[in-house]
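Both complexes below contain chain A, partnered by chain B and then by chain C.
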Partner chain A sequence: MSVAVLYAVTGLGLFSLGLYALIVRAHLLRKILALNIMGSGVFLVLTALARRAPDGPPDPVPHAMVITGIVVAVAATALALVLLRRVVETTGQPRLPDPDSE
Partner chain B sequence: MTPRGAAPWLRFSVALLLVGMFAALAWVLLGLPPRSAGLQPQVAAQMAVSGVDHPVTAVLLNFRGYDTLLEMAVLLLACLGVWSLSPAVPPTDETPGAMLAALPRQLVPLMVLMAGYLLWRGATGPGGAFQAGAVLGAAGVLLLLTGWRLPVRWQGWRLRLLLIAGVGMFVLVALAVVPASGVLLGYPLPVAGTLILLIEALAGLSIGVTLMALFLGGEPGASR
Partner chain C sequence: MAAEHVSLLPVLLIFLPLIGALLSFVFRRRAAGLGIATAVAVFVIAIALAFSLTRPQRYPVGGWGAPLGIDLVVDGLSLIMLLMSATVGLGVSLYAGGYFHARPQLARAFWPLWLGLWTALNGLFLAADIFNLYVTLELLGLSAVALAALGGSAAALGGAMRYLLVSLLGSLLYLLGVALLYHAFGSVDIALLGERASAQPVTLAALVLMTVGLILKTALFPFHFWLPPAHASASSPVSALLSALVVKASFYILLRLWLEIFEPLNPGRGVTELLGLLGALAVLWGSLQALRQTRLKLLIAYSTVAQLGYLFLGFPLAAAVGPAAWQAVIYLALSHALAKAALFMAAGNIVLFGGHDRIADLDRVVQRLPLSLAAFAIAGISLMGLPPSGGFIGKWLLLEAAIEAGQWWWVVIILIGGMLAAAYLFKVIGFAFTRAPVSHEANAVPPVMEWTALVLAVGTVLLGLWVSPLLAWLATGNPFGVGP
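Showing the complex of A and B:
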């Protein structure tokens, strides 16, 4: 197993951990954090796989995708945080209403 | 349902499913060829007509220009979403201590200089509009955190102009090169480097201002 693949598997692990928290945790801030961890995992996979180039510089296309991805992730997180604040103001709770409990 | 989230049996089955997913995807990753150039040879072959010397910048601003153009639009959309949801968080009346007031005065000029350097550097090495925009955005957030307030006369059309400058210039250049090359974003080689620098300068500025505007948490100057 090469170093690049080790990094890629680590990224996959981050993605899986984030997905677990996204599904299981009810608190919306935890869900937003989970989405960010999933995104970081995907970025790590992309940059790690770009490093497999035999010699010379790594593949620039995944790098370009990660750069745009990071900015989009930051913007999406800001939007999610404002939505979270709105949910708290409206319902008084930092979680989505549960249809089973009503 | 417990306030902490899902029931234990549900958590266990989700964990089991995700371990399965991890194993399957890891198996795929381990099965990939250990050495693969990906698209690197194609990019290297076209570098001469890109107008810049750094492959990542060439991919971002030239070969996959559409991606970057739409990504700027996504950034603007996120800002519009934040503004439409709520007015800006009202500033507190707290005045920062002497240290905290002095720190940004030393740091922010350096950060602006750094952003300019990163922007210029993007043509030949790692750097470019996004890195410059991130540093500018960080400078803006630092200012907002240490008691600086967006002046009222900058909250109107001036701020909006800065927000749309990046995507606006990108669209203008994309259309302006159509008569010369026949396609959107097909920069003619003699001016490609200049056009890319022009787009990057305004895109970097817009990204920085947008990140700062997102940090305001809503539309500045609006009332509910």
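Showing the complex of A and C:
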């Protein structure tokens, strides 16, 4: 098992951990953090899989994808945090409202 | 010379709304005028593209070309989707001009976000590689969430938050699939992947991840839970955009990947039958939930859940009879886009007029807002699948495919779905004719808001009369592969 595969498996582990927390945790900040951890997991997989040959130079294309992905993740997190603040301001609770209660 | 001129039109379809978004952000006082001007220009360019496109076009942005650069590709399927967003986009822009006239604070946020959303949408329909699809999908999702939150009520914010979480989860699942496909086959270009991909475990894993991510974003049953609160609590022009266009984008990606990468690998009947089954359940569950609703906008949102279900019937039927089923599905998607935009606009007029959307208290709307109710009824005809309308043609083609495939159970689902649609739409129309126990003060509705709803509704009838040119455009470049 090469180092690259180890990183890739770790990435999948992070993805699964994040998915678990996203579903189980009710607090919105924890859900946002969970999504960020899932994102890091995907980026780790992309970076690890970029090393195609054990001794050759890594493939730069997945690295470029990761950089784009990080930009998207930062924007998404910013939007999520602003929304979270507005939700807390209007409802007083950092949770999703129950859709059936309206 | 002519060919070079044509190839610039797709680029304009992305850059015009982008420039419009930036200008309307900088010149906030003129945002509405800039936005409507941009919408007219994008509409004209989409029509010009439709009339000049004789074969699929590939445009390498910046002259780099694949695999390094970003390519734009337009074929019949992209073209129909671009026309759909151009028509609905122009209608919603005119409507929004009236709607936000009395709400200048909201208008300043609406126009840049909506034009940004349109940029992402056009970029998505023109994208030639799966990573570019990811970026446009995220841009689309983020601008859609911001638009959904625009109303600022607790319901709108909660709905938008749920929408954001689901949307990001869907994108990450999709991105993981992109990573696996790139690792296995060394390309993100859809056409190259179609040539190189082979049936192996990693392809199957990518198929599952991307499909789950995309049906989550398309709100296929049982992942539809986020759609009704987000679509129903948004401002009316935004509801129209979300229901008519945004959910179709993720379906488009799924269809594109399926047609070009996964279907040739024959992943087995299990996948197509499962997607068809979920689609059938969505038709039934969405329609029954729509029937139960007491609020007009929630009813229309659940109707979207049901109508999206029909699109997934294409998977098992196309496996049996080939491209005819996809023609039917695209026709249904197109008619639904126009009809649903018209319904949400008419509902928006009713909410603006009476100050509420309780169905039981619709106090003789038919006499007071005749144009809006006419729009509601005409768009309803298309949703029920009655002639002459685009919905009728789509369902007819779908029924034909189901009968040809000898799969009568889909026929039953399509017929029951149509009857349930009639039931929930007539429920609204019935209350619109009767006097309600509580009457309320009425607000004036700008005429442009009534007329745009009516024009889009009449558009669904035109779709029913103008079938062969549209199907000819859709067949450009043979996007659904060779028929049996």
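The rule is simple: the second predicted complex is superposed on the first by the 96 of 102 C-alpha atoms of A that agree within 3 Å, B and C clash if a C-alpha of one lies under 4 Å from a C-alpha of the other, contacts with A are read in each partner's own complex, and residues count from 1 in each chain.
Keep this in mind: contacts are C-beta pairs under 8 Å (C-beta built on N, C-alpha and C of every residue); 3 or more make two chains touch, one makes a residue touch a chain.
These numbers were taken from a predicted model, which means no experiment stands behind them.
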- Task: Considering only touches as defined above, state whether A:V5 meets chain B (first), chain C (second), both or neither.
- Result: first
- Given the touch rule stated above, what does A:L84 touch, chain B (first), chain C (second), both, or neither? second
- Message: For A:S16, using the defined touch cut-off, is the partner it touches chain B, chain C, both, or neither? Pick first, second, both or neither.
- Response: first
- Message: Contact-wise, after the overlay, does A:A53 reach chain B, chain C, both or neither (first, second, both, neither)?
- Response: first
- Query: Touching A:A76, do we find chain B (first), chain C (second), both, or neither?
  - Reply: both
- Message: If we overlay the two complexes on their shared chain A, which of chain B and chain C does A:V61 touch? Say first, second, both or neither.
- Response: both
- Across chain A, the partner (chain B or chain C) reaching more residues is B
- Query: So, does A:L29 touch the first partner chain B, the second partner chain C, both, or neither?
  - Reply: neither
- Message: Contact-wise, after the overlay, does A:I37 reach chain B, chain C, both or neither (first, second, both, neither)?
- Response: neither
- Residues of chain A that lie at the interface with chain B and also at the interface with chain C: 19, 45, 49, 61-62, 65, 68, 72, 75-76, 79, 83, 86
- Query: For chain B, which residues count as touching chain A in their complex?
  - Reply: 1, 3-6, 10-11, 14-15, 18-19, 21-22, 25-26, 29-30, 32-40, 43-44, 55-56, 58-60, 64, 67-68, 71, 74-75, 78-79, 81-82, 85-86, 128, 130-131, 133-134, 207, 210-211, 214-215, 217-218
- Note on the structure: So, in the complex, the side of chain A touching chain B is made of residues 1-2, 4-5, 8-9, 12-13, 16, 19-20, 23-27, 45, 49-50, 52-54, 56-65, 67-68, 70-72, 74-76, 78-79, 81-83, 85-86, 98, 100-101
- Contact set on chain C toward chain A in their complex: 67, 131, 135, 138, 142, 145-146, 149, 152-155, 157-162, 164-165, 168-169, 172, 175-176, 178-179, 182-183, 188, 225, 228-229
- Note on the structure: Per the touch rule, the chain A residues reaching chain C in their complex are 15, 19, 22, 28, 31-32, 35, 38-39, 42, 45-46, 49, 61-62, 65, 68-69, 72, 75-76, 79-80, 83-84, 86-87, 90-91, 96-97, 99, 102
